[in-house]
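First chain written, first letter: the chains are A, B, C, D and E, and each begins at residue 1.
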Amino acid sequence: MSVLKADHISIQFGGLRAVNDFSLDLQEKELYSIIGPNGAGKTTVFNMLTGIYQPTEGSIYIDGKLMAGCKPYQFTAAGLARTFQNIRLFHGATVLDNVKMAHSFKTDYNFFNMLTRTGKYHSEERRITEKSMELLEMFDLQDKKDFFANNLPYGEQRKLEIVRALATEPKVILLDEPAAGMNPNEIDDVVNLILRVQKELGKAILVIEHHMKMVMKIAEYIKVLDFGETISEGTPEKVQNDPKVIEAYLGGHANASRS
Amino acid sequence: MNWLRKNSEVIILPLIYVVIFLLQKNKILNNYIIQIIMLAGVNIIMTLSLNLVNGMTGQNSIGHAGFMAVGAYVSALFSKIIFSAATMPPALQTVFFLLATIAGGIGAAIFGFLIGMPTLRLKGDYLAIVTLGFGEVIRSIIRITPTVGAARGLTGIPKLASLFWIFVFVTITIYVCRNYMDSAYGRGCLAIRDNEVAADTMGINTSKYKVQAFVTSAFIAGIAGSMYAHTLRYLHPDVFSYTKSTDFLVYLYAGGVGSISGSILGAFVLTALPEILRFMNEWRLVIYGGLLVVIILFRPVGMFGGKEFAFLKLKTGGIRHIGFSNLFQRKSKKTAVANEEISQ
Amino acid sequence: VSAEKTIPDEINLGMISTISGSQAIDGQNMTDAIKLVQKELEENGGLDVDGKKVKINWIIEDCEAKPEIAVNAAQKLIEQDGVLAIVGPNNSGDTIASAEISQAAKIPQITNTGTNEAVTKVGDYVFRACIIDPFQGKVVAQFAYENLGLRKTAVIYDNADTYSAGLDKAFVDAFVALGGEVVANEAFSGADVKDFSAQLINIKNANPEAVFVPAHIDNIPLILQQIRGMGIEATLLGCDSWDYAAMPELVGLDVIEGAYYVTGFSPDAETAADFVKAFTDLAGYRPSFCSAMAYEAAHIVLNAIQNAETIDGTGIRDAMMKTELDLPSGHVTFDEFRNPIKSGIILQVRNGVAQYVGSVSPSK
Amino acid sequence: MLLEVNDLHVNYGAIKAVKGISFYVEKGEIVTLIGANGAGKTTTLRTITGLEHAASGTIHFKDKDITNIAPHRIVEMGITHVPEGRRIFTNLTVMENLKMAALLRKDPEGKKASYEEVFELFPRLKERRMQPSITLSGGEQQMLAVGRAIVTGGDLVVLDEPSMGLAPKIVDEIFEVIQRMNQEGKTILLNEQNAFMALSVANRAYVLETGNITIEGPAKDLLTDPRVKEAYLGS
Amino acid sequence: MEKFIQLLVYGLQLGSIYALLAIGYTMVFGIIRMINMAHGDFLMMGSYAVFFIVSLFFADQMLGPAIALFVILASASITGFIGVGVERIAYKPLRNRPKISSMIAAIGVSLFTQNFFRAIPFIGPNPRTFPKLLKDVLFFVGPIQLSLVRIVVIILSIVIMSVLYFIIMKTTIGMEMRAASCDKDASSLMGVNVNRVISATFFIGAGLAAISGAFYANNYPVLTVTMGATLGNKAFIAAVIGGIGDIRGAVLGGFIMGVIEIMISSVYSELAYGISFVVLIIILLLKPEGLLGKPMIEKV
């Protein structure tokens, strides 16, 4: 079943057509990747898919539901979560709170219960804390639960962003350069984590990444953007041998071995 | 009972009341000190109210005295003009005082909603100016409304507030604010404060959370207004000027924005300080201004920034708990490894 | 004098005033007045109560022109310092708020220039040394209509201020009742308005014979200057807030020359001569209405202590009610509402000095 | 010796980020720091240019003690620092960002030439020269950050993760730029997560682990060092 | 119509003072991102400085334009240096802190200065008459009354705005200022002496406040120690309405505030104060980033 579908979406910034006629159909538990040169429009695609930008043309469906005119929080409610290329954690809060914050909209007690601590307040709070801790453990962050988010090293901040996204219990998770700023060893960790998220938690995943080795290893299907256009798409084998992709993006890294 | 067990921490505030009450009965605390404590109580409620908006949600309100004015005038209208509570038997007076206070709170909350809604898309200083403007508009309406005394001011409001009632409302406010902070609603607000875009993408309906916080805050400010009106018995539109709003901002930030304990402490200390400085005569406010600078230079996050009294049992926000055991120790055990700062 | 009257060695008395804030000039005027009283007392070796010299300590507190600070000040004076009476504060709002405290503690309080009607309605422990606003407004109206023969007047007033708005109403009511016409009644909001062009252009277009300006000291100069600057040649009328020695110079001698204002005290009066001289010697400037009334208020209290049957709040209050005292402004007695029975004095600025023109007695 | 760091300690409040490291950079070298996230690499570099306060230890540049002096004075002495996380001036245009970088340069001709050099290297920036740099994509911002260093052109260029977020092709280009700058006589101190690339271009390398230097030596040797291989080069 | 034009003229005249003050305000904000609640007090200091210079050196003489200019510049420099000093002592340590901390420090500074000036004997609580620096000439264009000094102020505010706009947008120091406002660390890495840039900003900001103080006091010649407080607020509002941080916006905002204040007072003086705030609120609701402010681009 299609969990995320983009139907010929485009966006214009003033005179700049940042993304043109982009389509995507992501089924449950699938793992797609978007690659392309810097400034190709990848992040912009994410921004449209998560409701931060409204596409000037085309439509987006989450779980079959048309999302036209919806706000980002409604996208999340419909089952979509993301991380950011420029990390956007809640820096004034601890690691644990960051994760709990992402549970806010799925809490089963009302305003009055909250003010008076009646109803399901206590049980819900316990549930949220436990679930958050579970997720942190999965990413090996449990020991840092009381750190302020912005005091974590860069790599762990990226991990925390993933945890936080998962806490919204999405069907699809969009990762914008999850391995940026990591060394190859750490990237291997991230790869394993992403695969676990896909396999164990059963999420569909869409990744933007410049580390080709990683992309080729995990992606089932790749879309390549350049100047907002989809210049190539298909399986990793197909894409990395596509001369257009090599010319625009990979350079000497076709059949990427290193980066 | 079950509820009391889970909320045992609220006992400490009534305890403080009992102590003050006994000291007052035994003439150790005179009416002057009680008066300052009462005013400090009103200021604590106001500062906590401001903390919900400025501290927790990261919105910039600099016109909060406007909500206080609405609460004060509506409650005074209720208890003095509509029902003249002064002539009632004491038991009934209390009932009408509470009703008046709630009316004041609701009145302020309505205004909170009215300005919260349209200003959602405003940020930072732009929002600040609108809240300031709103406060001034309120004053200018009161000023030409003869029913509430217009520019003459409203006199003869029945003296219904007392140390006891102020304590009750301070306690409720602290309790409510603590609960707010330690809940999905409060965390949603904190998320908005820290990063609105990310909050939105984490499924938080930012508009709803902001308006909720604004309205709750206005309601609380209205309650404070009622306490003020029924303590001072005299209202004048100029009392609720922009300068008054600034006072609360100072209490909030010097106390430690975002921290409930900080709001309490800031309001208390800075209400008392000018009184303590009375012996300085005309140098009083010079020293007060200077001390304010010194406080903020030595503790830029405010006296209690990033810390909370342990009895509040606050969990959210990565705070350091200050209990009675470690209050006097220089190095307290950290529950959070962190710099104590709340960066904005 | 009853037999059981016990006379203490020392008595504390309080004064509340706007030492800081926008009305700080009054704070200075009042402080100097109290200094003079203090000096007189010292020269006499204390206050003579039934032959015993009682030491009087004056405790002065700031209220910043904020009601709740005035309340704190009153509480402090009563509770901490145990004062038996309070002089001040100088403005009506602060007086109303703080008088609630004195009333509850049964300590008499007498404001020097709290002219608003509501002040003494707080309770039977609250007095004032000055005239009240409705009366002042009426006196100005009457003087303008009858003595100056004016028929068309205008008012510019501060609708954020108790005092200013009250005087506007009193004046307009009285002037219209007399048969005159108020051709323009213009408001501004708050002492921080500095440009009155918009209001004055309306006044100019209405072409009044006189403009009444019930405002505070920080606005009066600007309003008057701008009235003349705009080419309005009407007669200028004012009220007790105009009465500061420095006012003519502050406004500009050419601007204020010829203006009339009402107050409750004339420095030219024979009865005031000693006081004016003593005050000027001590403070370095001529006493204003504010300082004169503070001085009188203090003397009313001191006199009451001397005559009180018991030296406590109630005793002093009862004695104050029976005040029969010759003070700089003349003979002072109180009516049943604890307002002094005083005439309105009309002064005119001539050659840069406010000079006595006439007086209007309250019965009229 | 161009740069010499001696027993440097840096703390963030209670957190000890750098715990007494010593290293040096000779004139004309490319030296790289590698290490896991949070090892203290960025902190070290920031302390060299005075952005963080050294708790103890010394830093000498051109035989002058530069420990804890103001960053702008260190920069004047000839250290150029490309900070982590790009740190471009988002309220300035692309061109103005480059002009800022040329602030200390006195030669108008050289300035112009270096702008051209940057645009030649990153044609995308040339297209966007008048655009407010906040609208640049992540990678474009990184190009601009490196471009600024080319324009400033001090004797020692300190680069903190210059390849972060760049497309593979551009990563190659960045490393070419680094080598070219080096050939033109600049000394390079490089902090890079892409350890393989870094070690390939560097003369010498240091491995940082939780605030301490654990391995050091010629880059070639480290490339084959099993400890390095296992920890930083990936499978 | 005549009345309308006359009111417009009055509004622009009043607005020019707000504009002048708002320029300094917005400049400090634009560079340091700090709401300087003590800005109005620089205005107060500036006008007292003029007052003292004139009464010490030029007592009882009518000043020619040249001397007046000299006096104004002298007091602007004095105030400028005070501004730099205040920044060094009270704001600099808070530079990397949440900007609201420095706002609280500024409130403290403001309380301190006002009450300090009130408490020291040679200033004291009494209002002072400001010496007439420039002889005003009133003249008529048709039925419209104009004042020469005020026209000078209008022109001056536009000139100063243009000069500063040029400095900030086109010169090196301007670029340094803008860069420092965006990222202090990164600009110091480009060799910018951030302390110097900030001092320069404060010098200009406080100096401008003093200049506006001189013109303000020339038009409204009563000095009190609290005169700056509300003016500071008005300048702040003007700056925000125009789009805070934008110098042209500050001038526009200042003029708009002046015109609104005068126009509405003339029509309905009882509620004028409230209505003018309603108008300002409406402006902001329609244009949430201020009149000339650019919408904040948030690149995600």
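What we mean here is this: contacts are C-beta pairs under 8 Å (C-beta built on N, C-alpha and C of every residue); 3 or more make two chains touch, one makes a residue touch a chain.
Just so we're on the same page, UniProt names per chain: A = Amino acid/amide ABC transporter ATP-binding protein 1, HAAT family; D = Amino acid/amide ABC transporter ATP-binding protein 2, HAAT family.
Being a predicted model, the structure only gives us computed values, none of them experimental.
**Q** Counting one step for each move to a touching chain, how far apart are subunit B and subunit C?
**A** 1
**Q** Please work out which of B-E and A-D is bridged by more C-beta pairs in contact, and write that pair.
**A** The comparison resolves to B-E.
**Q** Farthest from subunit A by Cα centre, which chain is it? Let me know.
**A** Farthest by centroid: C.
**Q** Using Cα averages as centroids, what's the distance between subunit A and subunit B in whole Å?
**A** Their C-alpha centroids are separated by 40 Å.
**Q** In angstrom, rounded to a whole number, how far apart do the mean CA points of subunit D and subunit E lie?
**A** Roughly 43 Å separates the two chain centres.
**Q** Please tell me the distance, in whole Å, between the geometric centres of subunit B and subunit D computed from their C-alpha atoms.
**A** About 49 Å, centre to centre.
**Q** Just how far, in Å, is the C-alpha centre of subunit C from the one of subunit A?
**A** Once rounded, the distance between the two centres reads 73 Å.
**Q** At which residue positions does subunit E touch at least two other chains?
**A** Subunit E, residues with two or more chain partners: 115, 118, 270, 273-274, 299-300.
**Q** Specify, in ascending order, the residues of subunit A that touch 2 or more different other chains.
**A** 43, 52, 84, 86, 88, 151
**Q** Provide the list of subunit D residues touching at least two other chains, using ranges where the numbers run on.
**A** If we look for residues of subunit D contacting two or more partner chains, we find 12, 15, 135-136.
**Q** Inside the complex, what are the residues of subunit E that reach subunit B?
**A** 35, 37, 90, 93-94, 97-101, 103-105, 107-116, 118-119, 233, 236-237, 240-241, 244, 270-271, 273-275, 277-278, 280-281, 284-285, 288-290, 296, 298, 300
**Q** For a test of understanding, state which residues of subunit A touch subunit D in their complex under the given definition.
**A** 13, 36-40, 43, 85-86, 151-156, 177, 180-188, 210, 212, 249-253, 256, 258-259
**Q** What does subunit B use to touch subunit E in their complex?
**A** Contacts found on subunit B: 118-119, 121-123, 125-126, 128-130, 132-134, 136-137, 139-141, 144, 197, 242, 246, 249-250, 253-254, 257, 282-286, 288-293, 296-297, 300-302, 341-344.
**Q** Could you please specify the touching residues of subunit D with respect to subunit A in the complex?
**A** It comes out as residues 12, 15, 34, 36-38, 84, 124, 135-140, 142-143, 161, 164-172, 193-197, 230-235.
**Q** Where on subunit E is subunit C touching in the complex?
**A** Interface residues on subunit E, with respect to subunit C: 3, 6-7, 10, 13-14, 115, 118, 124-129, 138, 145, 220-222, 224-226, 229-231, 261-266, 269-270, 272-274.
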